[in-house]
Each structure stands twice: as structure tokens, then as C-alpha cells.
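Structure provided below as C-alpha cells; questions to follow.
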Amino acid sequence: MCWLLEVNMRQTTSPNLLKHRLWLIVPAALMVGIFFLYPLGFSLYSAITLDDGGFTLSHLNKAFDLYSKDILFTIIIVLVSVAILAVLSITIAALITLSPFRSLTKTLGFLYRLPLFIPFIVTAQMMRTFLAKNGLMNNAFVASGLLTPMDTVSFLGWSGIIITFVWKQLAFSTLLISGAMAALDESQIRAARNLGASRLSILFQIILPQITSTLGVAMVLSIVTMMSVLSVPLMIGTGSPTMMTADMAFRINSYGDYHVANALGLVSYCICAGLAWFYLRQNLKEKGAN
Amino acid sequence: ETTLNVASAGSQNMVDYVKTYLAPKFEATHPGVKVNVVGTGPGDAGSHKIMEKLSAQNDSGLAKWDIDVAVVHQKIGGEMVEDGLLSKYRSEVKTGDMVSRDSAKNALGINVDGYVMPMFHSQTAIAYNSDFVENPPTSYDELVQWTKKHPKAFGYNGIKNGMSGVSFVTGWIYAYGTDAERLSSAPYDKSVESTWNKAFSELKEFNKNITFTPGNAGTLDMLNRGEIFMGPVWVDMFYSWKEQGKIPPSLKLSLIAPGMPGQPMYYVAPAKAAHPQLAREFIELATSPEVQANGIVKQFNWYPGIDANYVEAKLDKATWEKLFAEITPSDLSKYGKSFPIGPYFDDIKEGYERNVSN
Amino acid sequence: MSYPQTNSLLAKVNIRYLRPSFWLQCVFILLLALVLFGPIMNLLIWTVTESWYFPHALPSQWGFKYWQQVFNPYSDVSGSLFTSLLIAVLTVVVCLIVSIPAGYALSKRSMPFRIFWMLLFLIPQAFPNLTVYMNIARLFYDFGLNGTLLGVIIVHSVHGLMFSIWISVAAFSSTDPMLERASRNLGAGPFYTFFHIVLPQAAPGLIASSIFVFLESLDEFTGTFFVGSPNITTLPLLLYTASMEGNYQIASITALILLVPSILFMVIIHKFMKPEMLSKLGK
Amino acid sequence: MAHLHIQNLQAGYGKKLILDKINLTVEQGEMIALLGPSGCGKTTLLNALCGFVPVSGGEIFAGSRSVSQLPAEKRNITMVFQSYALWPHMTVAQNIGYGLKVQKAKRAEINRRVSELLSIVKLEGLEDEKVTALSGGQRQRVALARALAIRPDVLVLDEPLSNLDAKVRLSVRHEIKALQKQLGFTSLIVTHDQEEALVMADRIAVLNQGKIEQIGTPEEIYHHPSTPFVADFMGAENHIKWPTHDDAFRLNTSNPAAELDLYFRSENAVLATPQAASKDDLNAGLIIHGHVEQSVFFGNNYQISVRCGKHTIQADHDQNLSENTPVTLSVPNNALHAFDKEGKLVAHQKNHAVSVKSMRMNHVC
Amino acid sequence: MAHLHIQNLQAGYGKKLILDKINLTVEQGEMIALLGPSGCGKTTLLNALCGFVPVSGGEIFAGSRSVSQLPAEKRNITMVFQSYALWPHMTVAQNIGYGLKVQKAKRAEINRRVSELLSIVKLEGLEDEKVTALSGGQRQRVALARALAIRPDVLVLDEPLSNLDAKVRLSVRHEIKALQKQLGFTSLIVTHDQEEALVMADRIAVLNQGKIEQIGTPEEIYHHPSTPFVADFMGAENHIKWPTHDDAFRLNTSNPAAELDLYFRSENAVLATPQAASKDDLNAGLIIHGHVEQSVFFGNNYQISVRCGKHTIQADHDQNLSENTPVTLSVPNNALHAFDKEGKLVAHQKNHAVSVKSMRMNHVC
């Protein structure tokens, strides 16, 4: 068990512990260890064992067998959402940092934070009625003459899931990214403008390279959040394919099958950890170069 | 002051019903007792949470559990009995012998006799908008024809987003696979499943002409917003929404041949409830003919959990008739099926996942 | 040599605002406003809707019927709101207490197994916890934590730890190490330096992380049920049932009520934060 | 290449007005040095020129084009920043080549120019270093090279040499000057090094509290400061309020009762020891008797602090003197900057101080 | 108060060794100036002293205490940072008072000391400003005041005056020196201003590529540079590789065939115009004929660039000379620093250059 390993480490490497300030991590690690990893152990255990305790890969096989399409769907949805999210939040943060029009940036700064405090479940619920074929959005288009009632399309389904994810996470990632941008030394931006760089090239060549790590954090956290949300696929998603969380819930609620559900959980964690690892390695490389 | 903890799965209406209708009544007759009602969410998930919480307490060997009365779905009720989480209380409550339905004894093939009391019975049926659909289909065959003529106008929610879709699929198997009687009774025969391939491939074909909705409520919602004109819904939910004005009066119900499944909600008492006696008294109150008549039937238009005869006696004719305004008692007895026994049920769902949605 | 005189204020204003980029940005902001406000408008409309069905573009009947339902004497809205808030605030406190030291330590490049630690704290969010909560509940029954505020706070904290640690690592990494040096140089020990120099520098990031932990806690439902109920009722419990079941009015009203403390939280942050710290938080 | 014309410029931060009614013209190809005490608004002026501080009044013209309302990237006025403002995520070469990259120059052309500049600022071999691994002086040279790379029309430099060591400073100073002559760019340089200003600039503007006190050629500013502030700032650090009511001081003046502020440089104070004492010089405007307080080695001479009553006067001398040696200081009339109570110049003579110095030598030898 | 003793110090970043076998003793109450080109490791040395760069070899003693393994806050060596390292979340007063607050001084005492220091560094009235709203020079003064506030035993200063204007620099320089004398703290100051080093320091250490080239009193370093590098660095910027194979050059030496590197200062190159030409000075070690290339106003004199063949020689002169004037330069033997091929000093004479200079004056007048 991981937390045991961790306690072990404390005993065997105590000079190291002091030197590298490992002890500062201990409370947090213990908390996760005892209150999550330990119970998680049982779940993981059930993902790779039979009811009688024998080791098996059949649950994982079954998970891939039945849900490979959903796994792919989940990855695509999450990646697409995170890409849109990155583009949008960088645009907003860049406008706030670089736009010469103070009044506009103030408005923008107020605007983007609006969804920050709206819980996922409420967002999902709002979107369900907003994005539907005859939802408020389409109604508004029809009323304003932009669409005829015949042209309206329902966004419930994959597009709705993406829209909802982006809508909800936008405030979060923009907050982090524009924070990082604001923390950059003003004179660095000035120096670039001074050399004739347009705002766009300043964004791409001066600002973005310096905030990649924050961008990475925002995106990893967003990915993880999206991967673990159940209410959105349940309320916005329609049928198949669907997100893995919905499958897990279905597996448990409908079959009482914890094995396959946990196997799916394992897959889901591996995806998140893979993406996070990618970021962390990149981040470490960058720092090492400095 | 004693607190009686009631956990209720199911829709907000049910939670509200327990909270605002039953609880005050109970508190009035039991001074010093406070009823604490927790809603655990709609659908099987809500029931499942209750089961998991109880089994967690069971596993850690607690002497007293923190739920005294629970309202759960039929399927979970059966599983809880199997896991030994419930107490066999029915014989100890006065209303115990007023139950007549088979579902009080048998939950998807599991014998639950004595462990459960139905709160009400629910049924899936096809809801349609009578403004747009003049001759609603009366059987699955007609429905298939209808969807060919009106693509995307029929909607259901698959099998992962709620039980109404599952019921529809189960009905489909009843119609094109194996009949309901065979699937609803033991013994289980694994080979039966292999005869459904055609049914599933037809369903896959059928699915191309329809709209998928997000959940039980999603179907009703889309009906309400005119995005679909027909779809399978829970009768109890349908009536509640209609009662609250959340769907237009033009929506009607039709139960189609060869039938769709329904299920009851159960009142159960956990095996190690902290207040077993109060729990029994609470259930007794909840299943009394008066409460069933005024609460379940009159207020919500739900089919009563105890024998209808006891309830009908407590109500005026008009109210009683209203219950059968759209689905006649004869339709109900002909087409109101129960769910198949557990293993078949799993076969149906997994078959769907493998052959239809994959 | 004579120079053109363009001193009139009007001329200046014109030069600035006639630029196409101004209008482009205006349009972008307008679109964003619509996208953001649309769903929120929808939410607000639903709170005062009594019935709304096809083919009405707007509710066919407005009213406060559902407000009465939410605030009926049997549903203890204010009580559970208070509980939710209390839990959220305490969760923030717990998360800060454990994640500030961890975040600081992890922000140092020399930290051994840095990636391992970072991934460790990702687990509670990344592993869908549906299946884990049952085991947590069992564990908590053993510890006697079930049904206690502490239990719920622990569950929420573990859940929020990812935000607080990852964001505080970012916050601490961006502080200037020279400032730390300057303080050590003047005789301040590591702790004094940490609290007087490093922490204020990282404060904006830490506050951002608190916001997310706070929100996570307010959003959390499953864990609360497994560990808290029936003794502890939070508002999201109510919201969850209503929302999953398509009871838009109740869900919207509850959501609106939940928004009140969230906005208050934001206002308090505004009040007690120095402006330049907030500027780092991003405007 | 264009000349720069600043007209009634007003600028500041928020409501705090830092620059007030600045008027300044930098002719095409001219280099003007901005001298002024710390905090007087030099950086603010450059920022206003570059478009980083909004102009609240007045106009800036580059050529005949009014640029005061243009965005920074359109102004074509390049700046070397006081805080370097290098981009930490780029290598030295990338930093330097950035401006050319923005102009979409060819890669080969950029490389050529970058290595040319690296050799100018003596950073050969460091092109692939991250700027974060450079020492302070190395960073400053990168900043300079970056601004020079695009051959700007108007170059403004904010203390470009302050972090360089003496050696590099001389060569970079020379390099800038040579480049400026060669390319003929108009430039404005902020420096707090008086020598730098004198050597590099065609004209010097002395700024004080957001106002220009005097503009003129180095010689004018050095020899004919028009205000007490400029006199003081340009090194006439000895200040005597006349009358002193002290017998140790004697002033040859037509009106001995007038209240005057006298300023003179240590290099103009001719110091005579009793041994070397001769009869008082007729040329001497001011004669002071005192005692050596301190003597400091200055390289090519010693700076002697002379105590006379409540004043301490600095004088240059070619020999080290021991403490308390009695000495006589005489300051020639033409090296004495006298101002009346309103700060107006009084009885200033046009001879150059240098000739005065050579006279001093006569006494010594 | 303690002396500082550095023994065989080695330090660097990662595997990159920057400082190699540094040996240096700063006596109690002494001030040593570290001079050296940019990037030679001056900042690194100070960082190693303060405990910010790990020491990979050797020892540092403050008094008799070995501090090389102590944490930074226990070393009692205070630093003025080159990049200021001010705390942006604090006001000026809070920055300055921080060290005292750490020592748990009374609030009144802190306030008193802070306002005392504010007046020393001439920042009165800015105590409640955020440091982010200060100009570059103002920030540097805050950094200085912060380090002085706690009256440190050993003070190390990393170019503390580089961003100050001439006026303030003089007064702060003086203030530091006075404080240092008064309080007697041992100190090490990094500067790239040669004059600053000469004036402030009791001894000067010249650092080159992580090694100390020479340590000595200002006079020693100035007049007797022991290596070509020091000579060059201390302002003897005229460099001639002997033999030049050019008739315009003449060297009075016992061994005219020897290969030598000759260094001399512009101030020691006596310049004679044809009009003023006299017979060749016997003292002159080196005589050069050439033409004026450029003449630059330097304040108290002109710097003349003389072109002789492929060399350009700088010489000081008291008058402006027009371009192409033919001139003769003579450098006295004792002002000529000659090194052999190994960089060893050759035939150096002990007379002080100052006396040479006065001799020059004889010729001129």
C-alpha cells in the first residue's frame, strides 16, 4: 500500500526527509493515503480479482470489450473540450492582459468569472433546457429571426457535453491563466511591443511560452475534473456512446458489478495520470533548463 | 427526542411526499419523535446508495445502523434481501396482509416475501402528444411502423440513463425475443439469450429512426418541449408532472402490446435499524388504506401499493376513475408486466450493450 | 517647422475607438456575454416558472409556487445551507493547512519523486470515486467518523486536495527565490521567511486554490451522502435529487440559493485581499 | 530616420503627474543625454515616448508624424530597458533576433545579424545560453544588442551602461556612439554618469522634478550651468552661501554685500600648502583658508577635504596631504558659478575652466 | 564584528565551477572592493559567502567561526542584492524595517531607525509607497537602507551604487564609508566603478574568471598592476605589442628586441603639438608620433584619440585639438607597465605616476 511505503520511507531515509523537506508533504500524503488510497486499494483489488480472490484480467477485458468505444469517446470529448477551453481561456486572458481598451477588459474581467461558482450539476441542468432543440437558445434564435423553427438542432449529445464542460471550466482556467499572465513582468511585454511585435505575436512568442506550466496545470485539472463528472453525461448525454463515468454508474447501479466498474475506474485513472505525467515531465524539463 | 431516519430513493416527489405528508402525520401520533428524511436521488442509483451504505455498516459490524426505514426500488430491494440487510417485518405490521401483488413476494426472481411492503406500484407506458399523434400505436409492431413514418419523433433514453428506457427495451425483448412469463420466472436458462439476436438487430435498426433523450425526465422534458411526440415514461412520473403543470394536458398515455414492465417501490426496514419498532409503525402508517388513498392515489395518481380494494373503499369514484383514465384496468392487467428475473434482466442489458449500442 | 495640432480630445477618442480591433473585441465580448448569460438567464427564468411547455417560447405561467415548496417548513433549507457553508469553509481550512507545506515543498525542483507525489494527489479526483466511497464509508464506520462533520470534511478535503496542492505548487513556483534569500540574509529563519515573504507572494494562487476547494465542497454530493447522512444534510443533496430528476424549478431555486454564499465568498476575498494580489489572480 | 520633437508633454501615473510641460527636440542623427537625479522622471519620459505611459497632454512627433496616440508597436522608437526586460524563455540569440523575426527577416539574415551584435557586445559563444544563466552585466549587453538589432530610427536607452564594468562600458559606449554616427539614428540616452553624458551626447538635457532645467552642448552645461541645480548636479559640489560671516573666506566682488549662492568644482579649487604658498592670485575670485580634514586617493590625483569653519570644501590635489595641514584654496573667478537668491546666474565669465586648471599647474610647479 | 577569512573557496552552479581556490582575508573593520569584468564570478562569491550558493570546497570563517556550512540566516553576513530583491508586498518602510522586526525590535525603535535610514538614502516621504511604484534608483536605495538597518557585522554589497545618479552616489558612497568607519563593520563591495573602488576600499581585489589576480591597496593596484589583465582593467587601456615594426614608435629599453606587452593610461600619455614641441624627454620610455583622430570633451579635459599606424592611442589633453593635427606622445618610463610573453612584470619602476604627471605639467607650461 502506498501510504505504508511512504511511512517506510520516513523511517529509512530520515536525513533525506529533513534535507528535502519531505516531512512537509507527509500530512497531505497521509491524508490521501489513509482516507483515499487505502479504501481505493479495495476497489483496485476488486478490479483485478475474481469473487473468490483469484487474480484475473477478465474484468479489464470486459471493460475494454464492452466499453472501448466509450473510452475512446471519453478521451475525444475530454481532449476536444480541453482544446477549446485552452483556446478560449487564452483568448480571454490575452485580451485582458493585452487589450488597450481598459473599459472592455474590465467588462471582460467581470464577465468570465460568472460561471465560476455554479456547480456542475446546476450547469448540466441549465444546459439541458438551454441547448435542447426547443430550448431557450434556439427559441431566442427563432424569435430574433436568425433561424426558423425547422432549422433548430438539438445540442444534447456529444456537442452538448463539450459545450457544458467548456462553459463550466472556462472561468476556472481563465482565472489561472490570466493570473499567470498578470504576474509576468510588464516590461517584458513592453520590450516586445517596442520592437514592433503585434499583440498576437507577443501572445504567442512572449507570453505563452512563459505560462505553459500554468496552462498545463489548468488543463490537467480540467481534464481530471471532466473525467470524473457524472451528472453531465447523464443529463446532457444521450445514449451511446457515452462517458466512462456513466458506464461505471450503470455497471454498479444496474448490475451491481463492482469489478468491471473498478476496472473502468482504473482505466480512467491511467488516462488522467498519463496526461498529467506528460505535463509534469514537460514541466520538469523546462525547469531543469533554467 | 428520538429521530427516525428515513432514506428515500426516487424522485423528488417521493421524497417530498415522505417529508411533507407522511412525516408530519407520523410525528403527530408519536410525540417526541422527529422524522428525518434523506433523498438519495432518483433511479436505481438512489437505491443503490442506500444499499451500499447499509452494507458498509454491515461490513464494519456496527450494532445499530443509521437508517430506520428506506424506500428502494424493486431490484435493489431483492438484492438487499439476498445480502441479509433487511429485517423480515411484514408479519409484524397490521397492514402486512393487505398486500396482494406478486411483486411483494418476488423481486426479479428473488424471494422477498415478508421483507418488503410496496409503497406504490409504477408502470412504464408510452406517452404521446395527442395534438400531433391521433392514432397512437397499440403494439410494438405498430410503433415500429409509426417510427418509420415519423423519423426522430419517437424518443427514449437508451438503457444507461434511466429505467424507462430499460423498460422499453425489456418490452421489446418480450415482444420479439421471449415472452414475459417465461423470463419473469425461474429457473434461469442461459441458452435463452441466444435467441434474441434478431430482436437486438431489429432494435438497432429501430434506433436509427428515433431520438435519444437524456434520462427518464429527459424523455418527458422533450415531450413537453415538442422535440419528440412519443416516448416511454414512468406512469407515476408522468402524472406528477402533469399534476404540477410541467407537461401540457395534451400528453396522453398508452400501454402497448405485448406489454411493458412495471415495478413497485418498497418500504424496507434495515436489519439493524436503531428504532425497529418505530420503523414498523411508520411503515404501518404509510401503508394504511387511508394514507394510500389520500396520499398515493389522490395526491399523485400513483397505483397503490396495497390491494386496490382496500384503497378504493376510501375514495370517491371520480378520484378512483381518474387513476385509470388513460390506461384502463384491463390494459393494465393485460400489458402490465413485471421485470424479468435477475439473470435474464442482466442478459437483456448486456445484450443491448453488446449488440445494439456497441 | 510646424506640427499639425491634434489636441482636441474628440480627435484622440476617435483615433482610439475607430480602430477595427476595438469593434472586433466588442463583438467578442458581446458573444461571450451571450454565451455566459444565456444559460444563467435560463436558470433565472426557471426559478420563477410555474409551467412552461411547447410551443411556448417563454413560460406559460410565471410564479413563486416552487419557492414556497423549497422553503416549506419541512425542508430545512437554511439549516442545510448553513451546514454546506460550514463544511465548505472548514474544508478550505483543512486543505490549506496540509497543502501549503506540501505545495511549497513540491515547488522545489530538488524534491525527490516529485512526479510521483504530484500524481498521488491527483488520484482522489482522477479515480472516479463512485466505487471508492463504499469502502470509505466502511472505513469511517470503523473510525466512528460516519455521520460526523469531521468525516464529511475529511472526505471533501481529500477530494479538494488536488486543486489546493496543484495550484499551490504553481503559486509557490512562481515566487522569486531572491526575495526568500534577502529575508534569510537579514537573519530571518526559514519559518519566519516563509510566513512573511513567501506566503504573501503566493497568496493570490492560494486564494485561487481555496476558491476551487470551496466550490468542490459545495458541489460534492456522493461523499456527503455516504459519510454524512442521515445526520448531516447539505444543500447539494437537495439539489442533486431535484436536478437529476428534471425538477428544474426546485433545482434552479436551490442553485440560486447556493450561489448566494459563493458570491459572498468572492466579495469577502475582494475585501480582504490587497488589490495587487488580486491583480495576480487575474482580472 | 527621423527627428524627435516633444511638445508640452505631460505624463504621469494615474493622477500623479510626473512630467510637466516637457519641450525637447532631438535633431535627426543627434544623440541627447537626459541627466537628472533618481526619480526625476527620466524613465517616465522614455516610457511616454515609447507609448507605455499614456500622454495626458502635449504631443510627440517622430518626423512630422504625431505618434502620441499611436500604439507602442507602431511608433518605431526602440528602447533599452533599465531592468533589461529580457525574455527568460529564450536563448540569448533568440532574444537578440526577436525584432528581426517580427519583421519576418530571413533566418540566415537573422543569424548573421545576431552574431554581428554578439561580437559588438562581446558575448560571442553565449548565443545558446538561457538569459537566466547570465550575469547582470551580460544581461544588460543582451538587452542592448536586442535593441540595436533592428537598426531603429529613434533609439532610447535607459541607463544602458549602468551595470557594465568599466572596461566593457567604455567599449560599448564607444560602440553605441560609433553606430549612432554610422547609422545616424536619433537617440535619447538616460544616464546618471556625467562623463558618459559628456562623451556620448551631442547635447545634454538636465531634468529635475519632471521639468527640463537646461539643454545645451556638453561644454555649455559643464561650464555654464544656468541654475544652481544644474551647477550642483554637474559636479560643482562645493556650495557656499555668501556672505559667510567668516574671516577664512574672501570673495573678490564688486558687491560684497550681495547674497549669493556660490558653486564650484573640486578640480577648480587650487590648493596651496604653506610651503608652496605664493602671493594671492589676482585671478582668484574666492580665497579660503582651512585645514586638511581627509585625503583620498583618486587614481590620478587625491581629493582633499578641507575644513573651513562650518564648511567642508573638496579640492583636487596631486599629492597626498596629511591631516590638519593648513592650506589655502583659491577658486578663479571664471570657475565660480554664482547665483542670486532667485537662482539667477550672476557675473558669469566665459573663459573655459580648463585654462584655469593649467594656470593652477603653474603654481604647483 | 569579525574579520572574514576565505580559504581555498570553490563554488559554482551545478557542475559548472565558477570560483576556483579563492583566498581572501578581510580584516576586521576593513572594506575590500571586488573588481572584475562582468561574469567573472563576483556575485557568485558574495552568494557563497551568504550561503546561497553551496560551497563545494574550502572554508569561510567569520571571526574564528567556520560559517561555510551554516544556514544563511545564521551567518550574520548581510547582502545588498544586485537585483535589489525588494519585497513587492511591503511598503518602503516595511522593507527597511524587516530585519529589525525579525530581531523583535520595538515598534518605536524600528520607526526611528527607518526614518533615520530614509534620510540617509534621501527617500524621506516615500516610506508608505509600495516598492513597485519606485524608480530604479529609488529601489536600489531602499535595498541599501534595508541592509544597513540591522547594523550588520559583515556587509557585502553587490554593485550597490550602480543605479544611483552621480549626486546621490557620492553621498551614499560617503555614507557607507562613514558608517563603515564608525561602526567598523567588515565589508566586501562589488563595484565596476574603478573610482568607487579606489575611494571606498581599503584594499582592492581584482577578480578574473573566478580567480583573484591581485590584491592590494588602491595605490598598489593602480600604480603597480601585477598582470596585464589588472593593468588593462585598472584603466591602462592603451596597449602596444612590442616590437611594432613601425618607425612611429620608439621605446627606450635596454633590450629593444624583447617581446613585450606595453600598457599605459591615457592620463600618462603626454601629448605635444608641433608648436609646443620640445626636445624629446629623457624620462620618456615610449615616444609615439601620430595624428589626432578624434577629440572628445571630458569635462575637465579632452580625450584625444591619436592614430599611429594600426594603433589608436588615447591621451588626455587640456585643449581641444582639431582632427589630423600631427602630435607626439611620450609616455614616461615609470608610467609604462611592461609585461613579458608570460604576463610577468618587466622593469617596473616604483615612482608614483602622480609625480610623473606633475612632470608632464612642466612640459606643458
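Letters A, B, C, D and E mark the chains in the order given here, with residues in each chain numbered from 1 onward.
Rule of thumb we're sticking to: contacts are C-beta pairs under 8 Å (C-beta built on N, C-alpha and C of every residue); 3 or more make two chains touch, one makes a residue touch a chain.
Which protein is which chain? UniProt says A = ABC-type spermidine/putrescine transport system permease subunit I; C = ABC-type spermidine/putrescine transport system permease subunit II; D, E = ABC-type Fe3+/spermidine/putrescine transport system ATPase subunit.
Just so it is clear, the model here is predicted, and its values are computed rather than measured.
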Determine the shortest chain-contact distance, in steps, between chain B and chain E.
2
Chain of greatest Cα-centre distance to chain D
B
Of the chain pairs B-C and A-D, which one is connected by the greater count of C-beta contacts?
B-C
Computed distance of Cα centres, chain E from chain D, in Å:
20
Which integer distance in Å separates the CA centroid of chain A from that of chain B?
36
Chain A and chain E, separation of their C-alpha mean positions in angstrom
56
Touching at least 2 other chains, the residues of chain E are 83
Among the residues of chain A, pick out those that touch two or more other chains and give their numbers.
100, 129, 134-135, 234-235, 249, 252
Please set out, as single numbers or ranges, the residues of chain B touching at least two other chains.
43, 215, 218, 221, 225-227
Help me check something: in the complex, which residues belonging to chain C touch chain E?
176, 178-179, 181-190, 192-193, 196-197, 200-201, 274, 276-277
What does chain C use to touch chain A in their complex?
16-17, 22, 25-26, 28-29, 32-33, 35-43, 45-46, 54-55, 57-58, 97-99, 101-102, 104-106, 108-112, 114-115, 117-132, 135-136, 138-139, 154-155, 157-158, 161-163, 165-167, 169-170, 173-174, 204-205, 208, 211-212, 215, 218-219, 221, 236, 239-240, 243-244, 248, 251-252, 255, 258-259, 262-263, 265-266, 279-283
What does chain A use to touch chain B in their complex?
66, 69, 128-129, 132-135, 154, 156-157, 234-242, 246-247, 249-250, 252-256
What part of chain E is in contact with chain D in the complex they form?
13, 35-39, 43, 82-83, 133-138, 141, 159, 162-170, 192-195, 198-199, 218-219, 222, 232-233, 235, 237, 265, 267, 296-303, 318-319, 353-354, 357-358, 361-362, 364-365
Which bits of chain D are touching chain A when the two form their complex?
47, 50-52, 71-74, 76-79, 81, 83, 85-90, 98-99, 101-103, 130, 132-133, 143, 146-147, 150
